[in-house]
Amino acid sequence: MEEQQQFEPKIIGFTCNWCSYRAADLAGISRTKYPPNVRLIRLMCSGRLDPTFVFKAFSSGADGVLISGCHPGDCHYVDQNYKTMRRFALMEKMLVQMGFEQGRIKLVWASAGEGLQFAEAVTGMVETVRKLGPLDWHIRGQSNGHLTKELLLKEDVV
Amino acid sequence: MSANSKPKFAMYWGASCGGCEVAVLNTHEKILDIDANFDVVFWPVAMDAKYKDVEAMEDESILVTFYNGGIRTSENEHLAKLLRRKSKILVAFGSCASEGCIPGLANLYSKNELFNTVYAQRDGCSTVNPENIRPQQNWDAPEGSIQIPEFYSILRPINQVVDVDYYLPGCPPESERIAEVVDLVIQVIRGEAALPPKGSVIGAGASTVCDECKRSRNVKTIKKFVRIQDFMPDPSMCLLEQGIVCNGPATRSGCGALCPSAGAVCIGCYGVAEGVIDYGARMLSAVSSVIDSRNEKEIEKIIEGIPDPAGMFYRFSLASSLLGASKSAWHDKE
Amino acid sequence: MIEPRIGVYVCHCGTNIAGVVDVAEVSKWASEHLKGRGVVISRDYKFMCSSLGQELIEKDIKEYRLNRVVVAACSPHLHEATFRTATKSAGLNPYLTEMVSIREQDSWVHTDKIAATNKAKAMISGGVERVRYHEPLEPLHVPIHPATLVVGGGIAGIQAVLELADAGQKVYLVEREPSIGGHMAQFDKTFPTLDCSACILTPKMVSVGKHPNVELFTWSEVTNVEGYVGNFTVNIHKKARFVKEDICTGCSICQEKCPKKVIDDVFEAGLGYRKAVYTPFAQAIPNYPVIDKENCTYFQKGTCRACEKLCPTKAIDFTQEDQDISIQVGNIILATGYDLFDSRRIPQYGYARLANVFTSLEFERLSNSAGPTGGKVVLRDGVTEPKTVGIVHCVGSRDKNYNNYCSAICCMQSLKFAHLVEERTGAEVYNFYIDIRTPAKDYDEFYQRVLEEGTIFIRGKVAEVTDAARMAGEEGKIIIQVEDTLMGKQRRIPVDMVILSAGLEPRRDAKAVAKLFGISCSSAGWVIEKHPKLDPIATMTDGIFIAGCMQGPKDIPASVAQGAAAAARVLGRIQQKEIALEPIRATVNETQCSGCRICNNMCPYNAILFHEDRAVSEVNPALCQGCGTCIAACPAGAISGTGFSNEQVMAQIEGLLLLNLEAEPA
Amino acid sequence: MKYGYYPGCSLERNAAAYNVSTMAIAEPLGIEFNEIDDWNCCGATEYTSIDLLAAYALIARNLALAEQLPDNGKLVAPCSACFLNLTKVAHQLEEEETLADKVNLALAEGKLHYTPGSIQVYHLLEVIFNDVGLDNLAKKVVKPLKGLRIAPYYGCMIVRPGYQRTFDNPEHPTSLDSIMNALGAFVVDFPMKANCCGGHMTQISQPVALEMLRRLLKNAADYRADIIVTLCPMCQLNLDAYQENVNAYFKTDYHIPTLYFTQLIGIAMGIPAEQLGIGKELVDARPALAKIGIEVPSEESVPEKKKHPKESLPMPTMSKED
């Protein structure tokens, strides 16, 4: 009963191809457990992360967004993750202005070797967002043309 | 109402300031072409007409309707739907209709916060309203009950309410661009030109304001953001390079880069560039990418130079952005 | 967009996936609920990656006229290539495949079967939405310039140079010092075989020096690198030698006559002297000297010119100036080596405070028959032979205050020192070690041999090296304070000489060099290889290869092996004449580009060039590595990228969040 | 520069000279001390190992009192033991909430309360090295200690890896060295600079304590040090008061005066020796000071010492300064 009532947040995670995605791979290979709430999208580099993707995720029903890349200084594209660092700072500032709680969006550096740390970061974030509760931006925002109620109802299939 | 055979033309204002109408009048002699080629059937700012007259018209009997202003009230929505039904071609005219514009910035706040700002009598506020009276949608007066339109909790661009054929951006659209569009429609009527594909942006360029900006540009690295009132920019050099956040790089061309050439930043009234989904995301990403620091603390510091990112990057497009409105504004709806 | 016809393939991976995820259910769900999204067929199979599994996909592609494939199995890093090949052999463009990692990201990390099954569905839905926007891509082909640049004339670089040159290819070798040879040239003996370092190195140096295919730039540095794999333009800064290379015979009279004596911090590790005009050592290649401006009396005071007067061939030329030479190469091999850990950073070990504390490199020179003492192992006074010598292992290595890593060579080096001291002085030798690490061929045998020679081994990290005598027998000695962890007690060992087996560190300028060549260093400073196990000699930047200690601490055999391996890789490239690159690239739509130049400094590979004339930016596809940072930065949305386009990512987001289910294709 | 000041017991008795000299140099160096009103003993080195909570409460009382001072939470202790205790407790209370609560419960009895994190404890050495700075110090030198060979002795307590901050290398500290250099003295590379002086071992097992002291004295002598300079009352007491015992026990003949670094700073600043408490030491410092022409009027209180021979043990050859 308890479990059923517990809110299960949906979190979209963006990883770079070289460090954080491999960290996720490593977490798998070493069978490190973490909650199933995060669904990952692979980009070549965290520098590819367009804020549009983040806003899209929120407006399409995500309760949180995780962004992760190589550690600063270890970027496989030399220094692109510094751009991610800059964008994240401004993006977070704006989201707070739009009424987002701290913690709905998180930046995590994970090297290819840090499977455990990656899993811990995910677990931590899921807990935070679970406490914050549903964002439901897509339901609020459905009238602004991005999707329709019918589609939302389709979620019942899962 | 004249029974002549000229194609019918209508223009209406929703949640807007009236600047769009002025822009149309600003086309000078062009206005005569409109009169010569069209039978103006409905244009509240220019001539007397009643909603019932419009309702009485046959569907699609109006060839072109310029609808400016966004949807803030039930009246705006009703007229948008009505004119859509009555018109062959519905043009979202100006920034408000296309993307929400300044009225859309109100989407950062809840209805309640807005009403407090407007009606509450507070220090530093000129409102005189000792009994703290608020507008009531329905009011039963002895003479009978009065209704005023519902004030929606968020403002929407018209394409979120009705199907739009074309978008004519700008706050307001430059008169030259309007004139061009009018010419185009006239040519189409005469069979000298074909209509552009449905949904396209008309009366604007394919690139962004920088394309029309004469200022010299270089590789960009920004160590400090300054506000134009705090500093005397180099007149010939790109403003963004000087740390002043100019929206030119993300804003559709068409205005002729008027503001930058006059020494003011582009505030983005011509809206998103072709194919861009979210204006603010583009500007935010671009501006932050060129911050010249690798240290989180320092980056925070530099970003303090942008105290109001939402206002700065969504000044015109908040209502049409992916997030559309702030959480508190959405909250009102539930 | 042509009507997508998608095949979904759910792998059991034995029980790896099927044990947690209800694969049959997932496959059934996909065929029912994603029909509207273009899924024509959905299957689950025991091992998708097996030849049978692949055939299954190929058969379906033909039979159902599939134009997209989604494989839900393991990580794309494992089998993306496999399934692309399968798709290709069925006549479909390989890039129309998408992999969904329901093993590493689902079955292996979750326990709740229902949740895991639902997540698999969501992930597949994401893959399906994404694959709808995949485009057929063709790998880019770029021609390979046959010449190669090798940076660093140590043993790794020398090996690479010879492999390439002997195979008949043009090689440029750039060395910062006046002579090639590197650290190996400073050693006397090499472990475990104890053959004379010079005897095995100098022949190789000589053949580099006179090889018709080798162009040697010593006293030179690379200052600029432009271009991309197959076609680099490199600028070499050649410092003035003030010696006419064509005339000089290397008779070394100038060195004898030069009045200015200088402590040689480089080759002699500060333990010996050289002149202001010098060749670092007798067998130097090239063997004509350089004049070091900072110390030359003529350059400093304007008088002297002794060398000029006395040079029999009039080869001295004070008017010589630095040169910049530009070369074209197809590939670059970096072998810039290591720096020795500076033992001053551990003051309690007494180096530079106590005269008779030596670093390993100092001892190499001390024991070198061509060194300042002619190979006599003596104290700093230059005469006294030590009666007892303490060798401290792991100095600056395996220590969280300095470097966490093991420097790999110190154990064997220390054993070698122990043997040499024993052999040359008969002194009593103590080794202070944490662990003895002798993992390579014949290494442990050498350890046994040194044990038998009577060297004493004390297991424990040295706490302090001090001259503070406390009890009888310590007077005038250096005392090594250590906890003997085998005895379980504190010990004080008085010795005459201490050798600090200092660890290896990345070159001081490693980060700058990495930036110059567009590669990256780990936080420790060693260059990051393409894959630590499967591709240790390549880097993330195509056409840039690494060899030797630049990639991490290693001994001579390993460095030689890497040098040869890097050369072999380059030769393969040269033979192909052209190279295929992953077609993940960014492109600028020139009509939309307004030339705002925000993207211009987004690219660490300088792939974005700005055309002043047309005021638009352009991405050079061969330089572009496909990271996509410029795409995300473009305010006008004028830059788009293959493989990871906005459409693909946005669609995947909707898919993952299970929107659009059963909706008719847009 | 304003600081709260915690002298500690010894500076009232055996280390009075330390207190006097500290006060003497404070003003000209621009340091303003504000002594804690009604401070209590820090429990010295033993108490914490007898009853932790009581010991912590005892020390925390001083922190609580210091918190009431208007000195931006900076508290200075010249005694190394006091410093160590205060900084340790200040740190622990910050780390362990429950401990802090218990301690505050105790303090409440005395109507006191300590807010964890509100006090940063500094040793006097740190203040002079970092806050005053070598340049400013050098500017104040009117009588350089040229020709004086000094063995800088830090003792074992302030060099321990920091609780609140680590301000010098724990293995091989150099701050006192550079201060003495700034005064113009010749600083020998004293190898025992961070070893223990024996502390209260003198009361528990003299042979052990004396051996530890002998090592210090021997190596100071080996380096031909004229003076051992210290910054800890315990070290000074042991080296000074027990030097005779060492000589008696080991049949040695060491006569190396031990002064506080504040005393030497004072001398270099031209402050008259008697205003610096010089002459209070048992191993007479006058011969050493006379070397650089510092006259110290003899007091009856100062027991006559027999002059010690110029030639101490020779330096080993090849040592740095040769």
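By written order: A, B, C and D. Residues from 1 in each chain.
By our rule, a residue touches a chain if its C-beta (ideal position, glycine included) is under 8 Å from a C-beta of that chain, and two chains touch if they have at least 3 such contacts.
These numbers were taken from a predicted model, which means no experiment stands behind them.
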- Message: Taking touch as defined above, what minimum step count separates chain A and chain D?
- Response: 2
- Taking each chain's centre as the mean of its CA atoms, how far is chain B from chain D in angstrom? 74
- Starting from the mean Cα coordinates of chain C and chain D, work out the distance between those two points in Å. 50
- chain A and chain C, separation of their C-alpha mean positions in angstrom: 33
- Message: How many angstrom lie between the centres of chain B and chain C, each centre taken as the mean Cα position?
- Response: 55
- Query: What parts of chain B, by residue number, touch at least two of the other chains?
  - Reply: 277, 282, 285, 289
- Message: Two-or-more-chain contact residues of chain C, please, as numbers and ranges.
- Response: 602, 629, 632-633, 646, 650
- Task: At least two other chains touched by the same residue of chain A: list those residues.
- Result: 50-52, 56, 79, 83, 87
- Chain touch graph shape: choose line, ring, star, complete or other and state it. other
- Task: Any two chains that touch count here, so list every such pair.
- Result: A-B, A-C, B-C, C-D
- Note on the structure: Contacts from chain C onto chain A in the complex sit at residues 29, 33, 75-77, 101, 103-106, 108-112, 115-116, 118-119, 121-123, 126, 514-515, 518-523, 528, 540, 584, 602, 604-605, 625-629, 631-633, 641, 643-644, 646, 649-650, 652-654, 656-663
- Note on the structure: chain C partner, complex, touching residues on chain B are 206-211, 217-221, 238, 240, 248-250, 253, 272-277, 282-283, 285-286, 289-290
- Query: Mind pulling up the chain C residues that touch chain D in the complex?
  - Reply: 346-348, 353-356, 379-381, 464, 466-470, 476
- Message: With touch defined as at the start, can you tell me which chain A residues reach chain B in the complex?
- Response: 50-52, 54-56, 58-59, 72, 79, 82-83, 85-87, 89-91, 93-94, 97-100, 137, 140-141, 143-146
- Note on the structure: Per the touch rule, the chain B residues reaching chain A in their complex are 108, 154, 156, 159-160, 277-278, 280-282, 284-285, 287-289, 291, 293-294, 296, 299-300, 303, 306, 308-310, 313, 319-328, 330-331, 333-334
